[in-house]
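Chain nomenclature is as follows: A, B, C and D, assigned in order of appearance, with residue numbering initiated at 1 for each chain independently.
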Amino acid sequence: MPRKTKPIRSDIAWSTPDRIEVRGRSLPDDLLGNISLGDMAWLLLVGRMPTPQESTVFNAIAVTLVEHGITPSALAARITYAGAPESLQAAVAAGLCGLGSVFVGSTEGTAKMLYEALPPGTQGADLEKIARDVVAGYRERGQIVPGLGHPLHKPVDPRAPRLFRIAADNGFSRDYVRLEQLICAEAERTTGKMLPVNATGAIGAICCELGLPWKIVRGVGVFARAIGLVGHILEESNSPMAVEIWQRVEDEATAHIRPGAR
Amino acid sequence: MPRKTKPIRSDIAWSTPDRIEVRGRSLPDDLLGNISLGDMAWLLLVGRMPTPQESTVFNAIAVTLVEHGITPSALAARITYAGAPESLQAAVAAGLCGLGSVFVGSTEGTAKMLYEALPPGTQGADLEKIARDVVAGYRERGQIVPGLGHPLHKPVDPRAPRLFRIAADNGFSRDYVRLEQLICAEAERTTGKMLPVNATGAIGAICCELGLPWKIVRGVGVFARAIGLVGHILEESNSPMAVEIWQRVEDEATAHIRPGAR
Amino acid sequence: MPRKTKPIRSDIAWSTPDRIEVRGRSLPDDLLGNISLGDMAWLLLVGRMPTPQESTVFNAIAVTLVEHGITPSALAARITYAGAPESLQAAVAAGLCGLGSVFVGSTEGTAKMLYEALPPGTQGADLEKIARDVVAGYRERGQIVPGLGHPLHKPVDPRAPRLFRIAADNGFSRDYVRLEQLICAEAERTTGKMLPVNATGAIGAICCELGLPWKIVRGVGVFARAIGLVGHILEESNSPMAVEIWQRVEDEATAHIRPGAR
Amino acid sequence: MPRKTKPIRSDIAWSTPDRIEVRGRSLPDDLLGNISLGDMAWLLLVGRMPTPQESTVFNAIAVTLVEHGITPSALAARITYAGAPESLQAAVAAGLCGLGSVFVGSTEGTAKMLYEALPPGTQGADLEKIARDVVAGYRERGQIVPGLGHPLHKPVDPRAPRLFRIAADNGFSRDYVRLEQLICAEAERTTGKMLPVNATGAIGAICCELGLPWKIVRGVGVFARAIGLVGHILEESNSPMAVEIWQRVEDEATAHIRPGAR
């Protein structure tokens, strides 16, 4: 008995020999020359053009994650490029592979946490109580609250207040931003540690204000960082560091067992 | 004798506890809220803010490659996501890995070809002779001229004339665009085939007009497509096709040897 | 105040101009020609040569996951190769990216579950009670017990009993294999569904018998599948299917909105 | 007019509910417990079981590339794992992405060079003349002869003579190995540099003796290194270096512009 097939369908874009439409708009006629890259990302993810306020906030979020200097993702991309300079795309891919639970992926953790604590459409919630419950839940499970604290940026991650300011100026500072700030305060109170909302926490909260599904909040960081990685690869091609890093690490890592190393 | 170490240095960005600077600008104070994602990419790659004309042309180029429906890269990302939905970043990475010599990477091939044929700063070159020589060289080596022809978009890839129009309107249609068009005409003349400049050919030529190094021209397509892939992953999470594709292909591919398949 | 550096150290291998040692053995003199690829993997992960029994069981586990025909990982690798045939390594990488929680990664889930339920060294445990508690825990959390059930292989995944047989014949069928089978029976009893131990469940359990850390159990499937993916890429280069799959999917997926599609 | 579909077909493996066959053999009944991982790779790539001699040589080749200490691929995998420990497969993928033209990929370059210079089946060729022509060709094109020289292993890469010895002992040292050695001698003569055949050169030549297609010679290195990367990830999870490397590099790389760095 043959398997019954299911339909395969996509509503993002289609092409004919002389036409290309994306989200219901002609790519050559309506979009090229008229839409910026960041707004194109919004169009794809939301299905409509952003308002000017949405555009400002969404571009700010994406810009935040493009570049943070020599990050692990930049290192992985540079080291990969040194071995396969003919495959720039693979170097970018290698750099992206590490944007998981520890670094950029915490945007997703924050957005998921906030949506679960405060489902979209909730009215008149007791945000302080929710914040206490959320933090207590993480403590019970022995988990770290996502989006808080930063190894370098203390006592404040300077990106977070600026993002909250931009969100507020554009009408996107409501219950999710407030809840995130209350969770931060509660986490600091119960742990006694300095745990400022970091850039990924602010982004997670603002993505909730914008109504983006938590499943692709991490994606904003992923495509933003892809831009930064191309910048690092360009610098690596002109002023390389990968081989030097490799050789220094190899020398040091094996000095305790390598004959003649001392 | 210990190896002599070389310095490790990056000029892209730096951070201190309360500051983050990218290309000499404060990320929180100067960039967030004031720069769009596409312009941020230009800033990273070129090291200065774009002019309005550069911004329009560069954003148009990047937007062109974000989305072309169900591409191989979108398929690879969707299929990967089906197996590892907890690693969105790895699904994007998988999709990017195929942006090589056959698809998006031909932007790089075009830019390299044009820069080699017409080194930056050349004055008064005989572009028609150069075009003949370039095409003859590819024919001699049995190679395909990059950036020409498209399996679907015939007789014209509608993105190319639009991009050339945008470039011209903003003062970026000079010798490289002209040379690309002459190479196209010469290739069509000598092969007798319909080989319109495709989107990647137009982008390669315009990147030369913009002065971008050929080594990272492919990178513009890579980060642009990363945006499109996040859009496909969002759709896959709501309306999946990956498992159905897999099962159909498996059924058909092995029907000739699988007992009971008929 | 400069940051205090920590030492960087690796005990896996070292090289000098005329020597290469891996896990304390000369690669050229002791290993090449004397060790098979599977045993080399054991040496790396465990730090000593396997006994003949360990070798048989470990190679069987790894061989199990090399190949299962047209899997999602094989599709992703083939589609990626079609776009970047000059980067075989990136096509393999793309195929591996999807070996996450849904497919091969469930070996890890099983091993982690078993180690947590029955910490190494436990004597005289009541395995039936543990099995009931484990299944009840998954049901309470609304999670799926890893390593059970298969969309195709019903009522039995033929790899599982064979692996359990090989493990038993070589002295590696003790409490972890027994517990896995009890968990399977309990899950079938409480759900009323047919949920046979699948290949990844058997592998997870046997990896516990072998004492492999759960953190790298998934890794055995990852390097095994890398072998299978190279086989698929070879076939793709001789007898391609990627472009045909792409075009069929694109045609069907957009037929409902594409002008002239019907 | 609808596109005419082409058949999709694979001859590697098939499954039914109770059977799995790979290359015409029952995976559970014939292969598991009876074939080692390395021989399974040969079966997949060649389509038949290896002879004992082929098995020895092929396993030796694969074992050679598993591990070389702290390589760029190991670094990329470790750094990626630090950011996404929940996605071991993505860390392995990131490590593989750099096995391109500079490092492991040179096995492919060597095999391609040798097959092109000496097509399979050639009888009585003047190998010395061919070697001179090959080297002269690379010099003319300004390219580096693949498979020669090593930054560390001088004057001899100890893996190469050992591999050549194993190949000779098993009847696989004929024209391709001889030609590779002649090319090495000619390259050293014409450049005046010490350019010993390195491990990848020896592997490329021996793969030609074994009749493996050049297109997947790189693949042997890719799956072999996947094993090594899992070993590095295990060590990284127990004894991490990635974060320390990152912080050292970041500190040094930006010290020239970072306020307060000195």
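Following the convention adopted for this analysis, a contact is a pair of C-beta atoms (placed from the backbone, for glycine too) under 8 Å apart; a residue touches a chain by one contact, two chains touch by 3 or more.
Note that this is a predicted model, so its numbers are computed, not measured.
Enquirer: Name the chain pair with more contacting C-beta pairs, choosing from A-C and C-D.
Expert: Answer by contact count: C-D.
Enquirer: Indicate whether more than half of the residue numbers at the subunit B-subunit C interface occur in both copies; give same if so and different if not.
Expert: Same: most residue numbers at the subunit B-subunit C interface appear in both copies.
Enquirer: Using mean CA coordinates as chain centres, what's the subunit A-subunit C distance in Å?
Expert: 29
Enquirer: As a quick test, compute the distance in whole Å between the mean CA positions of subunit B and subunit C.
Expert: Once rounded, the distance between the two centres reads 35 Å.
Enquirer: Just how far, in Å, is the C-alpha centre of subunit D from the one of subunit C?
Expert: 22
Enquirer: Check each residue of subunit A and list the ones that touch at least two other chains.
Expert: Counting only residues that touch two or more other chains, subunit A contributes 8-11, 13-16, 19, 69-70, 84, 86-87, 89-90, 93-94, 97-100, 104-105, 241, 245, 249, 253-254.
Enquirer: Give the list of subunit A residues in touch with subunit B in this complex.
Expert: 2-3, 5-6, 8-20, 22, 27-29, 31-33, 35-41, 44-45, 55-56, 59-60, 62-64, 66-70, 87-90, 92-94, 96-100, 104-105, 108, 152-154, 156, 158-159, 161-163, 165-166, 169, 213, 215-216, 218-220, 222-224, 226-235, 237, 239, 241, 244-245, 247-248, 251
Enquirer: Under the definition above, what is the set of subunit A residues touching subunit D in their complex?
Expert: Touch residues, subunit A against subunit D: 69-73, 75-76, 79-87, 90-91, 93-95, 97-105, 241-243, 245-246, 249-250, 253-254.
Enquirer: Which residues of subunit B touch subunit D in their complex?
Expert: 7-11, 13-16, 19, 21, 84, 86-87, 89-90, 93-94, 97, 249, 252-254, 256-260
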